[in-house]
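Multiple structures follow.
The same chain A turns up in both complexes below, where it pairs with chain B and then with chain C.
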Partner chain A sequence: MNFVLFRLAVRNVLKQKRRTFFNVLALGINTAMIILLLGILRGSYWLMIERTIDLRTGHIQVHAEGYEAEKRRLPLDIAIHDASRLARRIEELPEVKAASPRIRAAATLSNGRYRAPVLVMAVEPDAEAQVGVIQNSVVEGEWLDSLQSGIIVGKKAVDLLDARLGESLLLYGRTSQEANNLIDVPVRGVFSTGFSEMDRMVVFVPLQFGWEFFDMPGEATEIVIRLNRTLGASKVVSRVKDILAKSTDQKLHVASWQYFAKDVVEGAKADLIFYAILFVILVSLAVFGITNTMTVSVFERVPEIGALRALGMERQSVHRMLLLEGFVLGLGGIVAGSILGGLLAWWMNTKGISISTEALEQVAIPMGDKFLAASRFVDWIIGGGLAMISALIGVLWPARRAARVPVTAALARGVR
Partner chain B sequence: MRTVFSSLIILFLVHANLAVGAKDPVAQSLLERMDNALFPQTYEMTMSMITHKPGLDDLNYLYEIVGQGEDRSLMTVTEPARERGKKILLSGENLWLYVPDVSRPIRLTRKQSFMGTTFSNEDVMNSTMADDYDAEIQSREMRGHEVYFRAILTAKRPDVAYARLEVGLDSTSCIPDTIVYYGLSGKALKRLTLSELRELAGRMRPAHMKMEDFIQEGAYTEVEILRLKERGELPESLFDPTQLGK
Partner chain C sequence: MIFKIAFRNSIKAWRRTLAVVGAVAVSVFLLEIGAGYMDGFRQKIYTEAVRENGHLRLVAKGYADKLDLLPLTPNMQISDSLLEFLGSFPEVEAVRPAIRFGLLANSASDVSLEMLGLGISPSVSRRMYQRLANAVVEGDFLNGPDQVVIGTEAARLLKVSVGERLILLSSDVNSGFSAVEPQIAGIFRSLNAEEDAQFLLCDLGTAQRLLNLPNRVTEITIELAHREQTENYLEKLRPHLPAYIEPRTWRQDQASLIYLLKLSDVAMAVLAAIVLVVAALGMINTFLMSVLERLPEFGTLRAIGMGRTQLVSIVVLQGFFSGVIGTVIGLIAGIPVVLYYQAHPINYGEAMESFKGVDSQIGMAFEPTTALWVLALGLVIAVGASLYPAIYASRKRPVEILRSLA
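Moving on, here comes the complex of A and B:
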């Protein structure tokens, strides 16, 4: 780079203080917004995906063939036989942290006065503790014990049924053959995940209890698998299929979490498109802003440019000088935006925006009670890069115009 | 005299049967007679159903019913006015709900509650017990000239709605006065009480039934048979779900 041209560019930028201030401010705000929005996007969707995996889907799920088509009725007659043995075989894969066989069934919980529909999850307590996060969400009492009868109930369900730790509730359900069943079951623990739907409707019992209650010994409606890493879950699916094919003759369906959390995935895709449009708008506004101010600047500086040309400056040099002015404005915008963006990102990463309880009640996707950003250094690179691109595109046309100014016409206007 | 004699015969047979320890044919026979005692083979009936659940308004329905055999009946709602015209058809193993504003009848599942009552749809559908349960006499006592039995009915198959029933009935009329329904775990789910014996369609039958739900304290449905008349053959089209709207 020609250092003289750069110094001229810097001088020209600093000479027009007010115009430079507003240009840098516009670029800075743009940059800050992009940094902030990237962090929010990453934070909210990563959180949603992680919580979906933690609370709903695991990384990979195994079902008996035909279960998915009938899953709305929560069938117990389409089950995986010898589920515990198959889960142990899956755990032999190095990518797998744990595999938990579950029975998922509809039932009714009653305190004798009020009744509430619930989703029963009969699980192996030790395996489930590694696959899900419910064990860490127990706020009263204790987690399940496979040797003892008991039920873990969500905080909202406990409040609805006015139940207490140690108190027995009535659990009513249908066996795998549709016979009625009813049993007293003591409340061993209360959990709170912050996901309203789960805290109100899901209860956990030991798998052995589920085998007896639903009359399906050794069976499970699903095996939920937790991997050591979320990324690459789709690749592990084929390895799980291979190990199952060697272990059983049953026809089983294996799929990764994206298959079972289509609502979250589609929602994220739709929002990505929205955010992309928003970024295009932000960048366009910055470009138009810079173009506008630099065009006016070139118009005002025609005599000056004419003088520089008369002194021997080539058209190309004039062009480069204007581009360098854009570059300097871009740098200013990046610095301002990085500082402003840093402050905003700090707030959103640490304090966030609280979501009201009423709003959380309406949402069927597990979200935390706060919108928190998850900013990364790459956000500053993207924000800064877009600011620089905006500034350079913004000065392209004015720079071309400046380079084409006829010397004589420029001189005729007089130097101010 | 005849009543006392037949009761003594039954009592003797029960003792003999228990001593041998064989499957209980007397109990099974009582069960089959019980299945046939409540309603005539073909009948028409007016029935009210009132459901009380704590914290909710009472549900009050009036039905006109025609029935044939064990697995065919058509119930038409006549009260309340907003539900008038709704029909519930039992035809074989299927239960259909017809709502006048909806073009096609809806098939109901067995496990759903019957019209919001403490009866389930399968309670309505499964009126014969002899096919599903093995009966065994648990105890007997004399009540005046009548022998009163308590029988245990055990499900023959795992897909039978209730794992066990306890039935109390007298040997002459074979009308039960109580039926307690148990789940697989052995816990009681519901109790049906039959009372107010009255002459209906030529014989003494219970005009009042009460189904109590043990899952929710204080929840019950009371059925009152206001009119029961034996009928001749009924047209097949009456029990055809495609004809419900006509």
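Moving on, here comes the complex of A and C:
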């Protein structure tokens, strides 16, 4: 019986070619858009999160207690003691790829003619090479060496200062005791990350140099931890806390990247709400279209339904037949949407949309210079699922109405 | 006559009319809200960001290339006659000579903080930074010589309050270390976290003393009555400008924000188009049903002499009626929402922290021109959706229709 009903439903749907075409097109566009937008969402945010972790936050950060509240003034007096030893202890955890102690401090770089305010990152070159991606972004010269003094400067800062590789620049800063300090440092390398703010503001020096220059022997303002995988960073936080509690008496604050990249997380949340509203609107409009056409279709087919009922078809079967019509429409929408969405997703996954580098300068989040999608099979399931739900909700009311049609009245309407 | 038939048909098939009216109303409601949001963002950039940075900025040649370094050279000499001349044009609202510089603020508690300073005449500061002047939570805004105003976060970090003196340290124009000790006139609470922690506004005299730039500035920004007057004003000004001065319009200075705005406009237009297409497909189906149902009626009308154009007009007019009602309902529902969020802007908090040049509070804006566009679009959708079914009906030959009835 079910198969007969399904055949009837397919025939009814195919009989009304125009109606079916527009319904399937509406469902198909919805499905395609949902597939495409989910891919874009994943692609842009995943990329943004990965780049934020690479260039700004790492997976987990450790600070001395009280540092967070004062972080905007880049305090050197709230530091982690014996930072390198603690970093090595953290590296004993199996989830941890590397831990890099850093001194983050404000300073001024000058070539005598121009001065640039910079953010100095004093790092352990080997550990930093595993934690961040800067060593891979060196476009001129070479990465830091613990045994040699030197500075790695961003491409934009080099251009602004009209500086050259090998040239000595003056680095002016203040020690943790608020005393002035000035030193000549040769430009050992130039990096370019594509993240304008970083390429203009950040310079890297060896941690050993930082200890002397800022008068902070053995200390660091932060320990940045890189995990083997991004997912589950929050869970590793407690393990890091445990190991630190066993290794030092100092009170330390440990948090994952979500805490330090609130702008990225909050931005993503706001966009997710926007997209969720858009999906609801698209689904509602599809439901509206289908309900509308199916209601008219049921109204038109009252005599036909009456005849079927007179021949012995039960109310439940009429109801089921109409639901199956919705199911067939949904299937059509899924097929159309999967093909259209697949083509669009392929284009967005491979080619993407370029963003002007000028616009990226206005955003202090490390983004790529392209909007690329990262589509997954699950996007087709969600898009298709929503199309099917829209189609079934759309026929629900007309189907109930059809099942309630009185047989005699229906047959009477059919008599001309 | 046709008008009457179309109207009667709309009333007769009230359920279908209602469905189309509903679809148009929902689409128009969403369009009005989306457009109100974009207008709000646009207004934010055009009024706040552009006003604060000036419609036209005059800098010494070569300064703009090194702006990221906040250089003190090249700079410009100013005189009362120059400022008077710049302000002598009817479209000019304010002429604001200023110095941008980097500094280290030091408090009595021996806490230091790297800050970005702007030295400006107190007489124009309130007009320029209306947003911050309205956000003063302690003391007053800049109103005299030897004064600074800072954000609440900067005040907290430096452990200072209104009335106390702040030591400003910087390298002067000759690369020598220099310091001044102005008084804190007021503390503002900015919705831009970076600005709240790092922006310092001081009177121009204090900046000139600190940087050893007597009668000199790094820029002169000019505020006009309307941004569209910029090019015209520049045309008049250009012949009188000395060769060492480079004029920069707000379009050049705010190029990246304007690009971002355009990008958002395109994204919003694409999303609106998708919503409208999906809604239109539903409407086409509804009209198609209506036309198919009334084919015998149309066949009879055609047989007794009604022309194809007249038939198309009847169906399209029905679409027009539904469009008018739906659009009006959509606007009646949407405009109050836009007006509410115009009066009560949304604070996006940390989500907007990474955007430079604007703070986190963004409201919607009601613009009558936009509402008219939305109204037109609502009508176009309804009329457009009725077009295909109308043409379909008009192409049917009366003989075929009447024969099928036999």
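A few remarks follow.
One rule holds for everything that comes next: the second predicted complex is superposed on the first by the 413 of 416 C-alpha atoms of A that agree within 3 Å, B and C clash if a C-alpha of one lies under 4 Å from a C-alpha of the other, contacts with A are read in each partner's own complex, and residues count from 1 in each chain.
Note that a contact is a pair of C-beta atoms (placed from the backbone, for glycine too) under 8 Å apart; a residue touches a chain by one contact, two chains touch by 3 or more.
In this text the structure is predicted, and so the values were computed from the model without any measurement.
Once the complexes are laid over each other on chain A, chain B and chain C cannot both fit and instead clash. In the superposed pair of complexes, A:282 makes contact with chain C only, with no contact to chain B.
Look at A:266: by the touch rule set out above, it reaches chain C but stays clear of chain B. Looking at the shared chain after the overlay, A:315 reaches neither chain B nor chain C. When chain A is checked against chain B and against chain C, the one touching more of its residues turns out to be C. Applying the stated contact rule after C-alpha superposition, one finds that A:29 touches chain C and leaves chain B untouched.
When the two complexes are overlaid on their common chain A, residue A:181 makes contact with chain B while staying clear of chain C. After overlaying the two complexes on the shared chain, residue contacts for A:115 are found with chain B and with chain C alike.
Note on the superposed arrangement: chain B collides with the chain C stretch 73-81, while the other options among 1-9, 55-63, 73-81 or 127-135 stay free of clashes. Chain A uses residues 108, 112, 114-115, 174, 178 to touch chain B in one structure and chain C in the other. Across the interface of their complex, chain B is touched by residues 108, 110, 112-115, 170, 172, 174-175, 177-184, 212-213, 215 of chain A.
Put simply, chain A touches chain C in their complex at residues 18-19, 22-23, 25-26, 29-30, 33, 70, 72-74, 106, 108, 112, 114-117, 156, 160-161, 174, 178, 200, 262-267, 269-270, 278, 281-282, 284-286, 288-290, 292-293, 295-297, 300, 355-356, 358-359, 361-365. For chain C in complex with chain A, the residues that touch the partner chain are 15-16, 19, 22-23, 26, 30, 66, 68-71, 102, 104, 110-114, 153, 157-158, 171, 175, 197-198, 255-257, 259-260, 263, 271, 274-275, 277-279, 281-286, 288-290, 293, 348-357, 392. Interface residues of chain B facing chain A in the complex, by the touch rule stated above, are 54-55, 110-111, 155, 157-163, 181, 183-185, 187-189, 214-218.
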